[in-house]
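Please find one structure pasted underneath; my questions will follow.
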């Protein structure tokens, strides 16, 4: 159960099979630096390039194709005092007929106040002078090498994870990814200091981070990413349109409820029909992300 | 500010222009009975027919095309002790390749315990013996006559409301609908004792209700339904795929933030980008429903 | 087998249950006038209003719910020498990110030369001086009253037909519609002098017509509109997104191949897999239209 | 203008940056073998593995990022006398509610009669005894290395081409691909002896081929694949849902009409509005394919 401190010097814009940056044992913890979505590091130096430069890949000893990699997000600490976002709203979330009136795209800077636990626009427009939502760090893009020799852009996501931009990938959450190659080859980056549902401005508050994660290999097989928070379990679907992402997530939840909670398809439907929650991870990237979420209070492990 | 008690004897399966069942003044309260989605009343007698038989239409004095009808949901009281749902999960939420293994559609009955504030399957399958989620009454289908002489099936929804199946249309919420005809012509029904996101079994817990609503005419124009709860404001988009429903809801929220909160498109994007929430009303009906929701704590009326 | 000449004086913007304008016998022919999508008649007088004012409804004696109405399009003769279109391309067919550069919407006029059998822009822009495609009259919007008391806007389409804007609804084609009410209640209008696939400028070349159709009642049941030309049979799906419209059309074709051509699901798939054609009727209206088409040379009636 | 004969011994299941199998000059012709979608070669030996094993990559001297690779399809000759398909129809093209009745997936064999120019099921089911559609060879999957180090599964397609399954990628057609890496790195394979629109059984008639293509480097930039046949020009969009694929193809056509034919956005819309054709390449793969096609008779090069 070692803790590894890794300081990357190069970054990846695809998630695929590459030479590991570090080999770690099942159960080890990794503390590492990530740079922001545009490649800026803790000193705002250009250390990598768009899109979403990744730290990694980490090779986890014992992880085999067909296994599952569990990634506990222990800590996400911004490594600088500012982050940035785009405005206005993305093309993907507006009625097309209104796009003609959309103002030009603009990058703005936010202050990140770790002590106060808040973020704030450096130059707030009228009406937002007092707007200071909580600092809520999350991982925008992480996952493992996909199957079959694919190398997938960190702009998008798939069964192996990737750029899901889901705000519950936050400290305290454990994420599960389906392993397709020896050692899993885990990548992470694209930290956000805050983000609403859908990543609807095309960014969260993008900044560099020190991230701490603990990696476990599970000898079980999943098809889509899964996650667990203090209160909930959730499954992830990544696809377009949102309908298809929701189908993947829902179908994966049905599988999970059967495997771990002893519920057949009919019982699962009775439970889900009354208490399921759907979250929109992103509705901006090439693949959209939907989470199917159920409170653990309704569930009993078999 | 009169309170009207209305006991319907006939019901509507389309929302359109019809002879009013009652004329009420701006600000009046209506207490009325609704039957369940299949037409069963408080005594489980067949009083109407599928889909979603509506009580109404109520003519609200002073409501003109271009106005907005505000419907405060004061109270939703189940008028019988049972409700029913379908199982298993709907075709629309499953990966198509898994549908071949889907068990046959089945109707089951739930007990509604108003005293305990819970619902419970009469014959729970293994694993759900203790499953008893809270009674959370909501209106599945309500709205006003659409424009241009249309009469829209209560199976679906549009700009005028209809079968949105969104669980925040619950007691304490005020819903807004765009008025297209004189008197607005308000319909309501399809009450659910409980329902998760998406109405993914094709039903909530369907039962008959006594519903109490208070109706106000606002001299302002909206395009899609809006709502307000104790904590949030939200806008509604109804369309397929979910992406388009989300676009309608998001665009309507941008309009609302401009009109009432003094935020231009750029400011609105800064706020929404960090704090917006998306809810899936239904992902089962011909038109899907997405709500774009913002906590009022982030907003200041101009 | 009478021929009726009917000159309408009022028009409908919804397709629903209304007082018939004329009662005709099974097998009769109707010759009637239609006005253009904006309501202009043969003299360019404003005779009706948007969207797509319909002539009708015609009551066909003997048509009962569950039957099929066959509409043979005998002749479509423009009743004036000009038509109009919009430009540029509709929002629905452009990459959203390019909409910001879209020129403003504009109405332009085309000359219709029936003798030459061509259409031509009155004021062609540079590069289109010689552009003179053939006159290809078609019906943009036609169908029968939908089920359950619905009245559907002529802006959209559904199982009962409506605003499908499919260019093979042209002289020589027979269209089939599922009958939901006594007498079928048939409406027609929205003639186009020409139109490419998809109605991607939001219009065909819109003009007024004298239309001649012959109406037969078939004692058989269909779910979605069907059609037959000299060379092909086709089925229609109307929905969003295009994927769903295509599913409806394909599934209806599988039904047709079983009913009339003795092909089971597997045989139908062997045939369709090699020779099916898909046409995009419209990708502009609230419901998009896809046709699934098969050449009759591959088919033998059972 | 050399002609190279290349006999591959290994194959690729991703299209990415790999060691070239052969370097050819701009203008050279390549004659090479391809194996079928499941890896069977001319002798039905297992030479490669699913999905769609590719021959290549060919490095074209002089091709630089930002250029376009023109691939003239000179000849596609089946290298064995049989091919295979799946049945019944794919999940993606059926109404979800009908999938429960779908027969099990089955592989069947077709005879390919090059002399007669036809294909025929070896064991036709009732009703298809005489079904013998024409042999119409096409390339299912081909393209160039994508940008940014991606390696994309040959199951899917993107801006760089890939598994588009469009039947006009046939002898006589020239396809254009956007070059993202030095030498373009061109791959090809997945030949079909015949295929209807949409690849709706999940396959064409899959067989091995000898393919002959001639490769030219164009010093111009495109965004999506383009093509030219004897009669038409066309552009390709690859995405889900079909709506988005259609948007990409349409937008690329607008660009092409401006670049080569002197038509601005408004003029392009006048032309396309009346004469555009949309073809569905595939509606089965992870990314669907739509072609936007215009007859050359309507076009004059500027």
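Per-chain residue numbering starts at 1, and chain names A, B, C and D are given in the order in which the chains are listed.
Keep this in mind: contacts are C-beta pairs under 8 Å (C-beta built on N, C-alpha and C of every residue); 3 or more make two chains touch, one makes a residue touch a chain.
This structure is a prediction, so every number in the text was calculated from the model and none was measured.
*Asks:* What is the shortest path, in steps, from chain A to chain C when you may only step between chains that touch?
*Replies:* Step count on the best path from chain A to chain C: 1.
*Asks:* Go through the assembly and pull out the chains touching chain A as well as chain D.
*Replies:* Neighbours common to chain A and chain D are B, C.
*Asks:* With touch defined as above, tell me whether chain B and chain C contact each other through largely the same residue numbers, more than half shared, or through different ones.
*Replies:* same
*Asks:* In angstrom, rounded to a whole number, how far apart do the mean CA points of chain B and chain D lie?
*Replies:* Using C-alpha averages as centres, the distance is 47 Å.
*Asks:* Using mean CA coordinates as chain centres, what's the chain B-chain C distance in Å?
*Replies:* Here chain B and chain C have centroids separated by 34 Å.
*Asks:* Averaging only over C-alpha atoms, locate the centres of chain A and chain B and give their separation in whole Å.
*Replies:* Chain centroid spacing, chain A to chain B, equals 32 Å.
*Asks:* Can you list every residue of chain C that touches 2 or more other chains, as numbers and ranges?
*Replies:* 92, 94, 96, 102, 240-241
*Asks:* Considering only the defined contacts, which chain D positions touch chain A in the complex?
*Replies:* Residue positions touching the partner: 13-14, 16, 148-153, 239-241, 244.
*Asks:* So in the complex, the part of chain D that touches chain C is made up of which residues?
*Replies:* 85, 87-89, 92-96, 98, 101-103, 106, 108, 119, 121, 124-128, 130-131, 133, 194-201, 203-205, 240-243, 246-248, 250-251, 254, 261-280, 283, 288, 298, 300, 302
*Asks:* If we count contacts the way the header does, which residues on chain B are in touch with chain D in the complex?
*Replies:* 91-92, 94, 96-97, 99-100, 102, 241
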